[in-house]
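Sharing a structure below in C-alpha cells format, with a few things to ask.
We call the chains A, B, C and D, going by the order they appear; numbering starts again at 1 in every chain.
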C-alpha cells in the first residue's frame, strides 16, 4: 500500500514495523518476506530525540515500536558517551495490555490478564533487532542484547528497566548530570530528580518519557528506567511529533496533553 | 520476644527478617542494631527445598523472605551445578501490593497503585543480602547480585526474572532436564513444560513455586523465571511447611490448596 | 444429551439454564425451543437453603443461575414472612467478568472491561424469569421484578442490591433477627452483624453467601444485599452442595474452602 | 474562609458541600454546625445544564457533588415533564475510589478495594439531601428518594442507575426523544443512541455526562443511567464550567478534553 501512496505524492508516517529495520535479511529473519525492500534505504527511523535531523525531509517515515522507544531513550546518553560495556545490556520490559491490540483472543480476555503477570515471547521478541539497530547506531558498533517483555495488568504504559555494566567508576550524580544535559532541550523527555524512579501512571495519556537512574556500586552496574504511554510516545503521539517535524510545525503541536492521574 | 519464648521451651518459626542473616554486621548494615545476636548461630534458614535436613531439629527457624524464596528456587539448579558465572546475576522482581503490608500509607492507596507500575528501593533493597547469602551457600563462594524490585498492581504474587551468563554452551533442553531432575521429588515446585513461562495467576492462593526457563543463544544467557504467591510460599504457607517438618508431620499438611484462577 | 444420561441410569446436576424454568413457554420466550420439555416436571431446582427437601431424591437437578441465587437468598426471609410489597421489588446486580464466560470476544477483553463499568442486557436479561419463579414460590403468588445487571471489573463475585417497600413499620433490629433466625442452621449463608454490608472480596473462592441489611425509614424501604462468588455458590460450588445432598453426603463435603482475601 | 474572600471582593466557586443546601437545618442535620448561614440565601447551586441563568451573576457559587450531578442529569427530563411518580425514585450509584479522597486510610488501600465491591453509608449518605433538593426543584414539590452508593474498583467514574415508575404508558422511543430534545444544546451531555447504555470508561478524563435509557414494560418503570468522571464533571471540570459562565467566557473553555480510552 505504501509504494502506491508514495507514487501518488503522499508523504507517509508508517506505524507498522515494515520500514524500521534497515537490513532486509534481518527483517525477513524476524518477520516475513518484505514486499518493498527498495524503500528500506530511503525510510527514516523517526525517533526525534535521537535522529531529529533526518525527519523534516523524510518522504517515508518509520515510526518506532513502543518497546524500542523506551529502551533507546533510557540508554542513549550511556551509549553516546561510551559509558557502558555494550555487551552487558539486559532489558527487562513490562507493557500494558493495549500493546497486544484489540483482536478477540482468549489470552487478552479480562480474566486471563487481571491479577496476573508473566513474561512472553522469550527469548526472541520481534522488537529485539529494532532495539539493537538503534543501540548500535548510538554506540557506533554492533550491539546484542537480552530483551524480556512482560505483560502488565494495566491498560496503558511501558516501563523498561535496563541494566549495563559501567565502563568506569561513575557516581549517580555524574550520570544524572549527563542525562539532564542530554535531554535539556527535549520537550517530551523528563529526567526525574535524583533518587526518583518513573511510574507509568505519571505519563498516562501524555507524550512524555520519564527517565530515572540508579547506580549499583556493589556490582558496577547502572540501572536506567524509562516509562512511556505505549499508545502515545510509543505510537500515535510520536507519529504526530514526527508529522509536525515533517510539516515544519512546532514539534509539540497537538501534544501538550497533561498526564491523567489517577 | 523470641529469646523469652525459647527460654520457655517453645520452638519458634519467625516470619521477620531478624534471624535470616547469619552475619550480625550484615544485618546491622541493612537493618538496625540486633538485640539477640547470640541466637544467629543457632537459627536455621527454612527453605525446605534447599536446606531441608537442618529443619526437623530446629529450635529457632527463620522463615525466608518472599523475594529471596522466588530467586533461590529459580537459580539453585544453576548454582549447585556451577552452570553460570555467578558475577553476572541480575534479578528483576515484581511483587503484588500485599507485599507492602496493611498499614495506612498514601503510597499503597488504591488510586496510587492501580494502573501504575514502578521500581522502588533502588539500588539497595533489604532482601539483597538475604538473597546473596543463599546464592552464596549454593555456589560455595560469595555472590553479589543486582536486585531490582517493582510494585505490581495486583493483590498477590511475585515473579522474579533472573538473568545470568552460562559458563558453557547449554541447550534449553539440557537445562530443562536438570531442573526437572532437581525438583522431581518436590511437592511445591512445578518446573513448567519447555517453552512455557510462569504466571502469578497460576499460583495464587497456593504454596506452589512455578519455574520457567529460556536460553538466549545470541548472548549466552539463561533466563530463569519463578512465580510464587508472596503470602503463601513467600510467607505463611512456607512457615506451615517448615512447621510440618519440625513436627515430623507430612510436609504438605494443610497446604494442599489448589491455585484460585481466575 | 441429558435424556440419554438419564436413560443410562445416571443422575444429573445440570449447570445450564435448560431445566430451571418449570414452564416451557416461559423458557422458550426467553431462551430458545426446548428439546426435552417432558423432563421439566421432574427437574428439581437446586437451591438447598430454600428447597432442600426435594433434592436428595432428584434424578435431574437444575443448578440455579448465579444472579438468581444471590437474589433469592437476599429476599427469601422477606417474602416467606410477607414483609414486603412484592410489586415493588427492584434488583440492581453487579457481576464479575468471569460470569461472561471464556469465549474470545472483544467485549470482555482486558482493556474493554478494566477501569470500566456499565449496565447491560436491559430491560430483559434471561435470568429475570428464573428470579421471578423463585420469588413467586416464596411469596405464594406471581412476582414481577425489575432486574438490572452490571459488569464489574473484577474476576469473580456478584453483589445484588435488592429494594422493596416494607408492608409495615419494621426496624432494622427486627429484620436482622428474622434473617439470623431464618439462616441459623445454614452453613453457607452468613448474615452479617447489624450495620455491616457485604463485600464480594469476603466470599471470593468460597461457597458463602454474605447478606447485609439496611432500612430506609424515610421511604419505608428495605435494602437487602447479598454477595456470592459467582463461580462457587453461583455455579460449581452449589453443584457440589447439591450433589452432596443427592448422595447423602455431609452437605459441606469438599466445600470448606475459606475465602481468599486479599 | 469564604466570608473573608467575599469581603475582599473575590467571587468564589466552592467545591465543598457547605453552600449546596439552601436550608441551614437540613445542612446541620446531615453535616455539622454551619458557621456562615447568612450566605446560604445568596449562594447559587452551579449545575449549568439545569440552573444556568443564575450562574453568571453569582458571587458565591456552590459546585455540586459528584453523585448529585449524575442523578440530577439522569432524572431532570422525567421530573421537568412530570413523567414519573416522584415517590418511587430509587438511585443505585457506583463510584470510583478517587471519590474517597487521598487520605491514608486502610479502607482505601489497594488490597482492600481491588477485586472487591460493596455498598456503603447506608441508609443515609450525605449526598441524599442535596439530590433531593435538586430533584424537588425540578419536580416543583418535595421529593424523597432511596440512595445507595457503592465503591467501585476503578480510579475514576460514577455510574448512577436511577429507577422510577412512569406516570403513564411511554415507549422508549418517546422517552428518548424527550431526552434528545432536552439536552440538544448542551455541550457536555451526550444522550446515547437508543439501546446503548453508558460506560464510565467512555467519559474518563472528560467533562461529559453520558445518559442511557431503558423502559421495563413489564413493570412500568423507567431506568435512567448516567455516567460521569467524578473528578471532572463531578468536581473540577464543572467548577471550570461554572467559572467560565461567571466570567462570560465560552462555557467549554479549557474543557474540550476527549475521554481517554482505554
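Everything below uses one rule, namely that a contact is a pair of C-beta atoms (placed from the backbone, for glycine too) under 8 Å apart; a residue touches a chain by one contact, two chains touch by 3 or more.
As the structure is a computational prediction, the values presented were derived from the model and not from experiment.
Chains making contact with subunit C as well as with subunit D: A, B.
Residue numbering shows that subunit B and subunit C use the same positions for more than half of their mutual interface.
Compared with subunit C, the chain whose C-alpha mean position is the greatest distance off is A.
Inter-chain spacing, taken between the CA centroids of subunit B and subunit D, is 50 Å.
The geometric centre of subunit A is 42 Å away from that of subunit D, both derived from CA atoms. Look at where the CA atoms of subunit A average out and do the same for subunit B: the two points lie 32 Å apart. Touching two or more other chains at once are residues 98, 111-112, 114-115, 153-156, 204, 262 of subunit B. Only residues 97-98, 102-106, 108-115, 153-155 of subunit B touch subunit D when the two sit together in their complex.
By the touch criterion stated above, subunit B contacts subunit A in their complex at residues 87, 90, 92, 94, 111-112, 114-120, 122-123, 144-146, 148, 150, 152-157, 159, 161, 163, 197-201, 204, 212, 214-219, 221, 223, 225, 227, 262.
By the touch criterion stated above, subunit C contacts subunit B in their complex at residues 98, 115, 155-156, 204-205, 260, 262.
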